[in-house]
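Two complexes are shown next, each including subunit A; its partner changes from subunit B in the first to subunit C in the second.
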Partner chain A sequence: VQVNPVKSQPTTSPLIPEMATQEVQLNETLAHLKTESETLKTKLEEERAKLHDVELHQVAEKVEALGQFVMKTRRTLKGHGNKVLCMDWCKDKRRIVSSSQDGKVIVWDAFTTNKEHAVTMPCTWVMACAYAPSGCAVACGGLDNKCSVYPLSLDKNENLAAKKKSVAMHTNYLSACSFTNSDMQILTSSGDGTCALWDVESGQLLQSFHGHAADVLCLDLAPSETGNTFVSGGCDKKANVWDMRSGQCIQSFETHESDINSVRYYPSGDAFASGSDDATCRLYDLRADREVAIYSKESIIFGVSSVDFSLSGRLLFGGYNDYTINVWDVLKGTRVSILFGHENRVSTLRVSPDGTAFCTGSWDHTLRIWA
Partner chain B sequence: MTINTLAKGGLQPEQMSCFRKMEKVLVAMQDPDMGMKMRNQRLLITVIPHAMTGHDIITWLIQKYHICEEEALHLGEMLVKYGYIYPLKEPRCLVLRPDESPYRFQTPYFWTSTRWPASELDYAIYLAKKNIRKQGELVEYEKERYSLLHKRINHTWDFVVMQAREQLRASKQRRKADRIVLECQEQAYWLINRPPPGVQNMLDWGLERPNNFSTRVPLIETSRRALGRNRVKSSICLEGFVKYSEQYQNHDPIMQGCLPSNPWISDDIAYWTMNSEIVPVPTRLRVERWSFSFMELLSDAMGRREFMTYLEKEFSAENLHFWQECEEIRHGESSKIIEKVEDVYKNFLAPGAARWVNIDSKTMDKTLEGIKRPHRFVMDDAQMHIYFLMKKDSYPRYLKSDLYKNMLAKAVVPQETKKSVFPFMRRQRHSSPSPAQAGAPAAEEDGRAGTNSAAGSHF
Partner chain C sequence: MSSKAPSANNLNQARQTVQQLRLEARIERIKISQASADIVKYCNQHQKSDPLIMGIPASENPFKEKKPCTVL
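Take a look at the complex of A and B:
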């Protein structure tokens, strides 16, 4: 919103009354804009409601109910000395990278539980980490406000930190990062309220995304065939869908009652799920342009830190701040299973690339693989 | 950024929201009609009123929220850990026992949400009271903290001792039952707000989020644009989810299992070996998936290779080559963009080009204009045009072709791994070559450590 700057004072009239009048005008303009914004919002909700002719669980009545669910911890990865904050899978379906509060970033072969690489970042609270599509590098960042890329070397004597490449620079903490379809570009989100797209080679900012009114906490790239959009969630309770080329916010959803900690696309790309401090997960349909499901239960009191879908999109896994994982039937809206095991908050959760398992990271310093 | 473990300003919204919800549960538990049945509990020779057993708590939670026993125990434990319910027996151990152990509701005076932040002065008075009341009642870590406080707030120490003595005198005038209850309540409060070493700090909320709220008015332009959107009816969209989940259900290992077995469960990597990027014979599920969408076909290296073979037969392979080159430009190194755009122009777009692609004149003109100042997205329109051309025309015909049908027919359906005769014998978990191996092609793991079958896949 452009507000006209205060005009310079004419030399003949006294200074103060002029400024006072202009300040009053400024306030009126802002108030007017606020009203217009509210009116538009209401209209938008009305338009969205017009096409909402059925609920998801009604459409899902004909679908067969899911049977008993048995998932167990199949691997426990121990090695971090403090809270695990983030993890990501390698495309090879068995390796993962994880980062923690004490600044350590570790690459594991989760299948054998062997640690393959370890890096100590110069900052604590490494809240974001990502595996490059080639499997040859990892990106991470946190309180250093940066996103750095570390090429993975198999030379045991090599100090990984020596080859570190600083790519992204924000003015506040890095909350999430993700490579796009190649090792060459990284998408980041930050506590400074913006998202940004970077060229890894040059460190150049390719595009920035402004629109959140507070810290952006999470992002996810769309699996669409034209591959040009992503969704972000923030402390302003909004989930925004962005066009990567133009930097424009093309869709926005605001139905959560608290910070959105995690967003993840439904496998077809037609919808995305979100997890929030308000203890609910929600599903937003992009074509209907509205929220279409809420996954909540009275007995679930603590916030959701992280969500992801099973391969078919039928199941939604949520990691919660009460140390549990809840498994939801996406179509019917019911809670299928609750998994126990972690001894502190579940801070991160990702399903493996081939859907055979999911991994959770926790404040109890461990990661677990569930299948 | 500050680490929000100790009192700093007010409680964050996330914390307040959790506390409020737990307090709602508490209120429901104490409801005169639907709440818990309380009784008197005998503690040695004293009778404590309004107590309940751990078992009662769990039963009530099960009935109220329709959850299983494990979940009820977990939820109840949270209430104890956050200090809303405290144990009468073994009061230092904030654990919910699903038996006849007695518990009581914490008084709102001592709720963490009420008395935030816990003050050093109060803690000093509490420890002083304990010290005065019974010599040796302070445990080791409490003694350490007591002397630390003594050093730190030495200037108010007279006040501390005076307060402690005053409170002790007042409590002596109470009935023994009340005195015990008050001591338990206060102890529970401090166990949470000043946890013993080694015990999890329940009030550790991680990083404080500054919530850099900007005072900008919400973007009007975004709302205006949103109003102009084309929306699809819910019934159509939601039906889409049902269809998608149905189509992919058999391909979802967590839901349906996978053949021969899930590597994470059986420790056998055969499933991964059979589904490597390039294999002699693909699995049936994999070939089926190529028919789900054009994207599925193209994102599978083998699928793409098969499709290329088909296009070559149809003399339209240049389309797929063009699409692949455009992908390289979109996702490749910035420094190579100009060079790649030139190559693409020469090979696919220039008049008389060796592999000329058929794009409509409008898109061609726009693209040629853009090439004058090449950038990452200059080929987007042309690439999309060719993509949709292949999707609408060549792809459906490929699925009907003999090439595809034969592939599907000879695709393998793995046998389910028979359970081992000795079920407790763990298979050896073999490591696999790291994709980070510089220069070496990612060799296929074949289940025997040390041998590399170079099946020639690449990233």
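Take a look at the complex of A and C:
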């Protein structure tokens, strides 16, 4: 795109007051920038459209259809006193951490349904929680605007709250958090419109990510093989892909019609899925730089709170505000199953690290393991 | 100053938007046919080891095992 340089300053008549001249110049610059903005946006759409030679489901026509699925609730985890807002799996594929509106964070053994640890946070609405890669700590936060790390003690009688470490500080609620590939760094997203990377030991802010125009609701780190990037989704209907080292937004996608509640990378790292209040899930390919599939049905009118892929990426699980889980064939774009069981909104959903099961958390106060 | 005067903030924001768009316009893209083919290929390669698709026998899935009885 040829960029028109800003016009040189017009010669001024000695009769025009200086302030009015400055105002005219600023107005011209702003107008130029806005025009350039519009031109670039159009150009971006044109470039993306040129590569739109086929749809994903057309390429997948020859792929064998999936058979019937039998997935049932295998465990129900009861113990929270209010809505479950978030959960995460431990790398050992059996432990789970969950957080709730009741202010409690609970660590469960999902095989036995036993509670192994419980922490009471100083705030209600603990919207985010995450398991550390080592399995030795959990992070959580919410309306306290912070992300805190609790080392997990082997001694069940020890008061976990005593060892609490405050790591992240935002100026609005914490919506999501994730350890990077070690226990040493945490990535957070917030209602203050930013994401941030923190050093756990010192609490130091390592990098901040600005670009969303409203609350950031979710984030997901790229699979470690694909390098230092992560994706975030927000109330501005945008999904942004970020370079963790530079803080730069490298790609941005705006096709959803409402808040994006959940983002999750496709296992190869070349794409990611999103779930939105607009009742659709979408797949965005990073190398094609555009949306390549929409997972929706006229009969599905409630928002998607949470999405995750099965191990191979062939299935996309979506937890919905109408209490159900819809299972989508990622390649063909069709729904393969609908799962019932929860008695209120599904608020969080994650597939286990080895792909043998997935866990859902709900406003009905329970978590369910499905397989 | 008149209420229509653009603040330095507006100008900065507009400059940042343009800079960001220039960056995004410059990236290299591939055709959807190629991107889709790669997604399909990845699924095909990994599907046979996807437990939720293939199903694994109850004896191998700890979640499908019957819960052990506890003697009170």
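Everything below uses one rule, namely that the second predicted complex is superposed on the first by the 334 of 371 C-alpha atoms of A that agree within 3 Å, B and C clash if a C-alpha of one lies under 4 Å from a C-alpha of the other, contacts with A are read in each partner's own complex, and residues count from 1 in each chain.
The rule is short, and it goes like this: a contact is a pair of C-beta atoms (placed from the backbone, for glycine too) under 8 Å apart; a residue touches a chain by one contact, two chains touch by 3 or more.
Quick caveat: nothing in here was measured; it's all calculated off a predicted structure.
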With both complexes overlaid on chain A, does A:Ser252 touch subunit B (first), subunit C (second), both or neither?
both
Which of the two partners, first being subunit B and second being subunit C, lies in contact with A:Val24: first, second, both, or neither?
neither
Applying the document's definition of touch, where does A:Cys136 land relative to subunit B and subunit C: first, second, both, or neither?
first
Touched partner set for A:Ala65, first subunit B, second subunit C, both or neither:
neither
Between subunit B and subunit C, which makes contact with more of the residues in subunit A?
B
Per the contact definition in the header, classify A:Pro267: touching subunit B only (first), subunit C only (second), both, or neither.
both
If we overlay the two complexes on their shared chain A, which of subunit B and subunit C does A:Leu56 touch? Say first, second, both or neither.
both
Taking the superposition on A as described, I'd like to know which of subunit B and subunit C A:Ala118 touches: first, second, both or neither.
neither
Across the two complexes, find the residues of subunit A that touch subunit B and also touch subunit C.
1, 30, 33-34, 36-37, 40-41, 43-44, 47-48, 51-56, 59-60, 63, 66, 71, 74-75, 94, 111-112, 211, 249-252, 266-268, 270-271, 285, 287-290, 292, 310-315, 330-331, 351, 354-358, 369, 371
Within the complex, which stretch of subunit A touches subunit C?
1, 19, 23, 26-27, 29-30, 33-34, 36-37, 40-41, 43-44, 47-48, 51-56, 58-60, 63, 66, 70-71, 74-75, 94, 110-112, 211, 248-252, 266-268, 270-271, 285, 287-290, 292, 310-315, 330-331, 351, 354-358, 369, 371
Show which residues of subunit A lie in contact with subunit B when the two form their complex.
1, 30, 33-34, 36-37, 40-41, 43-44, 47-48, 51-56, 59-60, 62-63, 66, 71, 74-75, 83, 90-95, 109, 111-112, 114, 116-117, 125, 127, 133-137, 143, 151-154, 172-173, 180-182, 184-185, 191-193, 199, 201-202, 204, 206, 211, 213-215, 223, 225-226, 235-236, 245, 249-252, 258-259, 266-268, 270-271, 277-279, 285, 287-290, 292, 297-299, 301-303, 310-315, 321-324, 330-331, 338, 340, 343-344, 351, 354-358, 363, 369, 371
Considering only the defined contacts, which subunit C positions touch subunit A in the complex?
1-2, 4-6, 10-11, 14-15, 17-18, 20-25, 27, 29-40, 42-47, 49-53, 55-56, 61-64, 67-68
Which part of subunit B faces subunit A closely enough to touch in the complex?
1, 13-14, 17-18, 21-22, 25, 61, 65, 67-68, 70-71, 74-75, 78, 200, 204, 206-207, 209-214, 216-220, 222-227, 229, 231-242, 244-249, 251-255, 258, 262-265, 269, 271-272, 275, 293-295, 327, 330-335, 376-377, 380, 384, 387, 391, 429-432, 434-438, 442, 459
